[in-house]
Amino acid sequence: MKQEIGLLVIFLLVFLYDTFMPKNSLKALPVVTTLLMVVFTALGFGICYGGNTSAVAAFGGMYETSAVVTAIKNILNIGVIIVLIQSIRWANGELMIMRRGEFYELLLVTLFGMYLMISARHFLLFVIGLECASLPLAAMVAFDKNRYESHEAAVKYILTAVFSSAIFMMGLSFVYACAGSLYFDKIYNALYGEHTAMLVLALAFVISGVGFKLSLVPFHLWTADVYQGAPTSVTSYLSVISKGATAFAFLVILAQVFGSIYSQVWEWMLYALIILTITVGNLFAIRQRNMKRFLAFSSISQAGYIMLGIIAYNTMGVAAMMYYILVYIFSNLAAFGVIGAIENATGKISMDDYRGLYKTNPRLSFAMMLAMFSLAGIPPFAGFFSKFFIFTAAVGQGSVAIYVLVLIALINTIVSLYYYLLVVKAMFISDDECTIARFRSAFSERLGMWIAVAGIIFLGLLSPVYDYLLDLTADSSLLAYFIR
Amino acid sequence: MSVTIPILILAIPLFMFIFLGLCGKKMSHLLAGTLGTLGMGTVLVLAYYTAFNYFFSGQACFINEAGERLQHVIFNTTWLQFTDSLVIKLGFLLDPISAMMLVVITTISFMVHLYSLGYMRDHHGVFEKGFQRFYAFLSLFSFSMLGLVVATNIFQMYIFWELVGASSYLLIGFYYTKPSAVSASKKAFIVTRFADLGFLIGILTLSYYTGTFNFTDLTSVPVEGLADTFRVDLSTPETVLAGISSGAAPIFMGASVLTWALVLIFVGGMGKSAMLPLHIWLPDAMEGPTPVSALIHAATMVVAGVYLVARLFPLYLMENSALVIVTVVGAITAFYAAVVACTQVDIKRVLAFSTISQIAFMMVSLGVARPEYHEGLGYMASMFHLFTHAMFKALLFLGAGALIHAIGSNDYTEMHGLRKYMPITHWTFLIGCLAIAGIIPFSGFFSKDEILSAAGNYSVWVYIWMSLVAFMTAFYMFRLYYLIFWWKEHTVREGHHAPHDQPWTMSVPLIILAAITCVAGFIPFGNLVSWNGEPYDFMAHFDWSIATVSLIVAVAAILLATVMYRKENKLPAKMKNAMPALWRWAFHRFYWDELYMFITHKIIFGCVCRPLAWFDRHIIDGTMDSFAIVTNKASNAIKPLQSGQVQMYVWLYLIGALLLGGITILCLI
Amino acid sequence: MFCCGLYGFLTRRNMIAMLVSLELMLNAVDMNFVIFNRFLFPGAMEGMMFTLFAIGIAAAETALAIAIIINIFRSVHNIDVRELNQMKF
Amino acid sequence: MFENILIYFVVIPLLMLAGLGLCRNIRQIRAVAVVGSLALIGLSVWLLVDYLALRAAGETAPMLYTGSWMWFRPLNIHLAVGVDGISIAMLLLSSVIVFAGSFASWKIPQPKEFFLWLILLSTGVFGFFISIDMFTMFMFYEVALIPMYLLIGVWGSGNKNYSAMKLTLMLMGGSAFLMLGLIGIYYHSAPAGEQLTWNLLEIVDNASIPHGWQSFLFPMTFVGFGVLGAMFPFHTWSPDGHASAPTAVSMLHAGVLMKLGGYGCFRVAIYTMPQAAHELAWIFLILTGISVVYGAFCACVKTDLKYINAYSSVSHCGLVLFAILMLNETAMTGAIMQMLSHGLMTALFFALIGMIYGRTHTREITQMGGMMQIMPYLSVCYVIAGMASLGLPGLSGFVAEMTIFVGSFQAGMQDYLAGAGSLRLVFTIIACCSIVITAVYILRVVGKLLFGRVYDEHHLKLTDAEWWERLSTVTLIVCVAGIGCFPNFFNNLINFTFTPEIFSVLGIK
Amino acid sequence: MESVGSIILYVVVAVSIVVFSVLAVTTRKILRAATYLLFTLFATAVVYFMLDFEFLGAVQIAVYAGGIVVLFVFAILLTSHPGDNSSRLTSKRRLLGLVGALAMLVVTGWTLLSRCALYASKPAMENPDMKQIGQTLMGTGDGQYLLPFEAISVLLLACIIGGVVVARKR
């Protein structure tokens, strides 16, 4: 609870600062917010290390926190800090003067929503968290007033989001009909060993509702358009933080609510979804020229890999998934950092504009290359380790089907390597007359990139990170239902 | 015997090769040539010393109390160990034939070294380009050839076998700017390589069963013992099966494994010795400088095949069928080469075919040798012929080289009537021709006579056949002789000075070789070389009836040649027109080259390589590419899903969710 | 009712009409909860409470959606959803 | 950790990378490259000497210099190192080729980046050879693959984009299978209830992979490594990749990287799963036997020098895998010798082709001729390389091929006599045929390219090799001739691994 | 079963819900759609009353009918041009919509009907009074909803901020 309250405090501070401080001091708002976040995250780590690691329930079992939950929230916080750092320049831009404060406020609210999603042990709270995490994002997507795409993206986002929440709630009503309660543990006990048609349908609807946030195929179609239309900072936020939080929440739901359903019905659903997600995401990504759209599809297929950690249903899988999320945050944010820097400097976001970038901006293209390699899972960058661990964890489940699934996923990594290399090729190999000229990116952007790149390089090589995550999951009662 | 001298025999040429190869360019031509020749001279002395020591010192390690000559391994160091028993060693084996070969090789090689000092420069005394390289290669060849003959095991032989092939390749292609030389060298290498494949598989088979590479083990292990290992009792199916199951000797495609091994090894010998189907490289190899032809393609390397069979002779004796094959191949080749030699115009080609024919003689001789006939006379005869042939054929080649050097052409139509201009060449050449024709008292008479009597002992048909070949040999050699030195008066071409005799460096070897040819026949070879080391009296087996017959045959052939070619006349043309088809086929060497060209270019390249390459690029690679193409196609195909229409998105969402639920429900219920 | 809303959402071109349809859907869900609560689990009020909150959420959604629609209307003077296809493939 | 000498095989390249980062001009870059690669050579020679001394002193452990440091505790992943004779031979080979490669790319444009990637690549290679932990092995394996993409893409020639992409994707495709195979091995690496491990030695000791799983995992790993070993039909990256790659990269790739495939096939696939290797060998024997002949035939009709050489590599590397699959001591020794030999001579080939191409700007043999008159030094080297390739005694190729043939023939005959079919025997004979085909295409190239008349008048102006080029080629030639002349030294070095005990572990008589 | 009157009332209300919602999505005039929506919402509120959830019915009327529909009307007035009727739908799109809706209907209907027990009877339940509702909303125990209550307040605040930002001219 401390974290949620802390977050709300920051939210209020920012709100008050934005409202009551004089106009000329508002310039400092981004920095102040970022610093607040840093302090907050540091405190979060303090909780993580200092406090007891057993699960604590509150509000009549509606809310629960434990060391793992704190850890995943901290992981999200780190991502948010990088996003904030990277967006400082954008937030201080001409366009944003009127909306600077609101950006931060909305962002903090969505983060709060995600916290709720992760900690919720009651579906009502979960729904509120979900809405909290998605509705303000629609407003954020629409932040770029001058770009038509931004508006279009916002409309698409809000319409599909509301639709999906309608379906989700429909599913919840079925769950309610079956179980008579919306508390996770009660549902678990009520549904033990059942598999009625209604339940299956409810499960499908719930999965689709969460899958929408995670952009699993076929619930992903909004993703590309929204990523492309949204301001880059929002896109990066959307692609990593929102996805990471939802993935974890998804894990919690599947483990604590539907884990008891007869013969792990959801497992087969996930097999189908994972294969579809990875494959379709990759196939679409191949043909993209717009970098943001490209990363959208890439993030779709990454979501499929994250799901592998869930399907493993063992502690290793959970740890691998958290680790994957962490690494993915760094890798993707490095990529978005570069895209953002280039967009801010030149306004170009097409892959073709990146041709010959290495000649003029070697450092940027180097950072981008590392990000691409990490996303593609090339050693010695962190992405390799996270992918390897998640595959190892998945195979640990032991069935033949999982071998097939992992093989399909591995073959898909080749396709993904192909399109990641396309970016590298554009930057390093291709030549073009109208290369982006040499420019110097802002300090904040560079700082953001440095952090992300450092993460890419060191997260994998430094084993304690993963060890620590695995220790957490091993202790945790969170997954007690889940682990057989 | 100390190891120093044998090591020096091998090391000096090797050192010369490396030294001249690396530093040759930095030194003058003359110095390089002189160094090479001196080096070879030293080796010559050492080799003579060694051979003399072997034959005549009477040391216990060379000859036992019974007077049998022994195989003596002077040194043998491990070079590469495959398994505990299969070990390649590099060593130095002295026995009668290797001692004899040492003498042959060093003699001819030294002569060639000396001769080349004169030959490899033009009339103004300017050395040819790559003179140093030439000497380096000659040294390399000498090294490899010496290594080959002193090999202690079959794999060492194979190693040096390959090396002589390579040095032959380099020397044939010495004039590397000449396309014909390049292709000739390539052909020589590839054809012999093909034969070596057989050799290799033969070695592998043989060594698998015997568990050794060593010649001493292979040949001096009691023959009966080996025969037990190899032979399977073919009388009843039960015994065959018993033989196979005991792992003794499986029958493979109708022949025992030993037969296969020996035949395959013989294939290697066929390649090197230019036996019939694999002979095509030797005539082309004449593209190399003439001294090279004398050394490699007349005297030493081409007899390696004979030497190989002789080396393994005790093994061959165990398999009658293998020896029959050797005989048949030899006989056919001898006849074929003789026929072709009668029609060629290029003097070196004539000599080349003559070489093929003579080597075939040696092969036949080995093939017909049996211990029961005159204590293996054929074996001795073969080695004897090898020795004499090396001398007189080198003599002939060097003589031909002198002619070519003087005239500037290989074609006898440009020569004619040279006897007055080049007396030394004329006389030495004549001696060579008489020797090869088998006229007493020249060396060829004795050795050929031994062969014929061995053949006569074996089968009268072989004897008649070989006599016919001997007749043709005398005929074509004297045809050549008359066409070069007689026929009509020499016409000096415009702009050329009259041909004259060569400098001393070239004359001396001619004279020495001619002298050897004159006297070599009287060497008591039977005392020195025999298949099992036991000396026997040479003259005891000398059959005067056969000798007389063969002498008559030779003289008849010479007379016929005299009639036809001494003076310019129309007889040859008439003969040619009388048998146009035969003449054309013989002139074109029975179209063997064309057949090979067809097989290699049309079949191997056209029907195997090219289709395979196409298959690789289009089918295999196409499959790999098609994965990418299919992926791209799939990407295009699902493009409409992302239509940009939010209602379509939602519809797909809905259908997806319903399908997910619906299918699961259907599966569960 | 849910299906009606669905139909409307899938077919209407006007974005506001789509929103209307969405409201129908949400309302249907609410009713579901209430009815389940009343008929199956009369002892507790969870369904009712959920509906209560869902009404609030629906209101928030509507407000935000309308704001965005007005926004895009300002930008293109059109609220036909089919015109929104600048970004695709 | 740093007291273990093997670690320095990774540390030195990393130091070189750091050094490169500080370099300001091309001289410093060259200095770093040369000093670093010399240090590596020195290190591997020292290792060799020390290893032999230890063996002479009676060390009988399968691996020496073993060290193991926990890395990822939960998965029991260690940074585990250890070498035996084979690894040392490979390390020697790699360091020599890196050295020669540095000289071959003396005048490369953008030297800093080039050497950066090149050294990263060699880090991967060295790391791979010293690892005995499957995870680190795989990691280094992939580290070695990726720089290829940029090296070919940026510094390559011809259809470089296509080739680079194809090479990378195909090799990654292989490693996809490999990864699954390795993970599968991990999960069966210990008897039920005991700590799972990635350490190869422990896996071999445990010998706990069930038979059914072996027949699934063996093909996975073998194909995974086999792709890099250019096994038919997964070899097609090789011609295109080599044709487009810059000189040093071709050298390193054909010389060292393709060896990773063979080495891995032995170390991982066969070593840990002997039963499956024994049973399934026939499938791969057929495939590799085909590669041997097929590569040679294809090389016969190609006209691009690099294509010819690439196909020849397919053939020779096919021979490596072929020999490994014979599961026979002699043949396996031969396979390792062939790796060494092929590595050196193909590196020499590619170096020479690169130097010729750098002068003539064409690699079509139909467009060239008479090089012997123009650049005698390079041409002589080419002839030597060719002779090594076609197996001339005294050079390395002969030794390796003969060892393979003798071993395979023994294995084949044993099978045949034991009534186990004549497949091995027949394919041995087919493989032997490759020596003839090799002669055909090598001599064809030598004849067309070096001999004959000068094809193009413009070529007459070209110059012969510079000193750095000479140094690069001489190094390789000396090594080729060294192995060719003193094979038993290497034979003894390698042979220790293939002791009877190993074969009893492998379950083979 | 209950009295006939309540059954009749139920039928009337149910029919009106369905009819009005169908009308709401099929009418071509956007303003009428809003009106039909209003009727549907009212009918829903009646259902709530019938099921003894008076508080919920009241909220339904206040929030939905009072707030949301008014919002809709404002939005419609702001965005639509006078006489701007939506044109006829293309049959393809209508078909797709119908397929989707019917598929949903079939699947949900089938699953609901598969639990027929639902409609057997209306169990007795005491009408929750306001105090009870208030305590439930403000309590922190099991089955009490303080946290969601606070959370939804944050959500509403955020939506207000978002709405303002988005709708603001600049």
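Just so it is clear, A, B, C, D and E label the chains in written order, and each chain counts residues from 1 on its own.
Note that a residue touches a chain if its C-beta (ideal position, glycine included) is under 8 Å from a C-beta of that chain, and two chains touch if they have at least 3 such contacts.
The shown structure was predicted, so the numbers you read here are calculated from the model rather than taken from an experiment.
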Can you name the chains that touch subunit C as well as subunit E?
A, B
Once you count every C-beta pair in contact for both, which comes out on top, B-C or B-D?
B-D
So which chain is the furthest away from subunit B, centre to centre on CA atoms?
E
Need the central chain here, defined by C-alpha centroid distance to the all-chain C-alpha centroid.
D
Provide the C-alpha centroid distance between subunit C and subunit D, rounded to the nearest whole angstrom.
64
Rounded to the nearest Å, the gap between Cα centres of subunit A and subunit E is 32
If you average the CA atoms of subunit B and of subunit E, how many Å lie between those two points?
102
Rounded Å distance, subunit A centre to subunit D centre (Cα mean)
42
Out of subunit D, which residues touch more than one other chain, so two or more?
169
At which residue positions does subunit A touch at least two other chains?
124, 128, 131, 135, 138-139, 142, 154-156, 159, 163, 170, 177, 197, 201, 224-225, 287, 418
Where subunit B touches two or more other chains, by residue
628, 639, 642, 644, 646-647, 650-651, 654-655, 658, 661-662
What pairs of chains are touching here?
A-B, A-C, A-D, A-E, B-C, B-D, B-E, C-E
Contact set on subunit D toward subunit B in their complex
166, 169-170, 232-237, 240, 294, 297-298, 300-302, 329-330, 333, 370, 372-373, 387, 390-394, 398-399, 402-403, 405-407, 409-410, 413, 416-417, 429, 432-433, 435-436, 439-440, 443-444, 447, 450-453, 487-488, 491-492, 495
For the subunit D and subunit A complex, residues of the former touching the latter:
70-75, 77, 135, 138-140, 142-143, 146, 149-150, 153-154, 160-161, 164-165, 168-169, 172-173, 176-177, 179-180, 183-184, 186-187
Spell out the part of subunit C that touches subunit B in their complex, as residue ranges.
6, 9-11, 18, 81-82, 84-89
Name, in rising order, each residue of subunit A that touches subunit D in their complex.
316, 319, 373, 378-380, 384, 388-389, 391-392, 395-396, 398, 403, 406-407, 410-411, 413-414, 417-418, 421, 424-425, 428-429, 463, 466-467, 470
Residues of subunit C touching subunit E in their complex?
1-8, 10-14, 16-17, 19-21, 23-24, 27, 30-31, 34-36, 38-40, 42-46, 48-49, 51-53, 55-64, 66-71, 73-74, 79
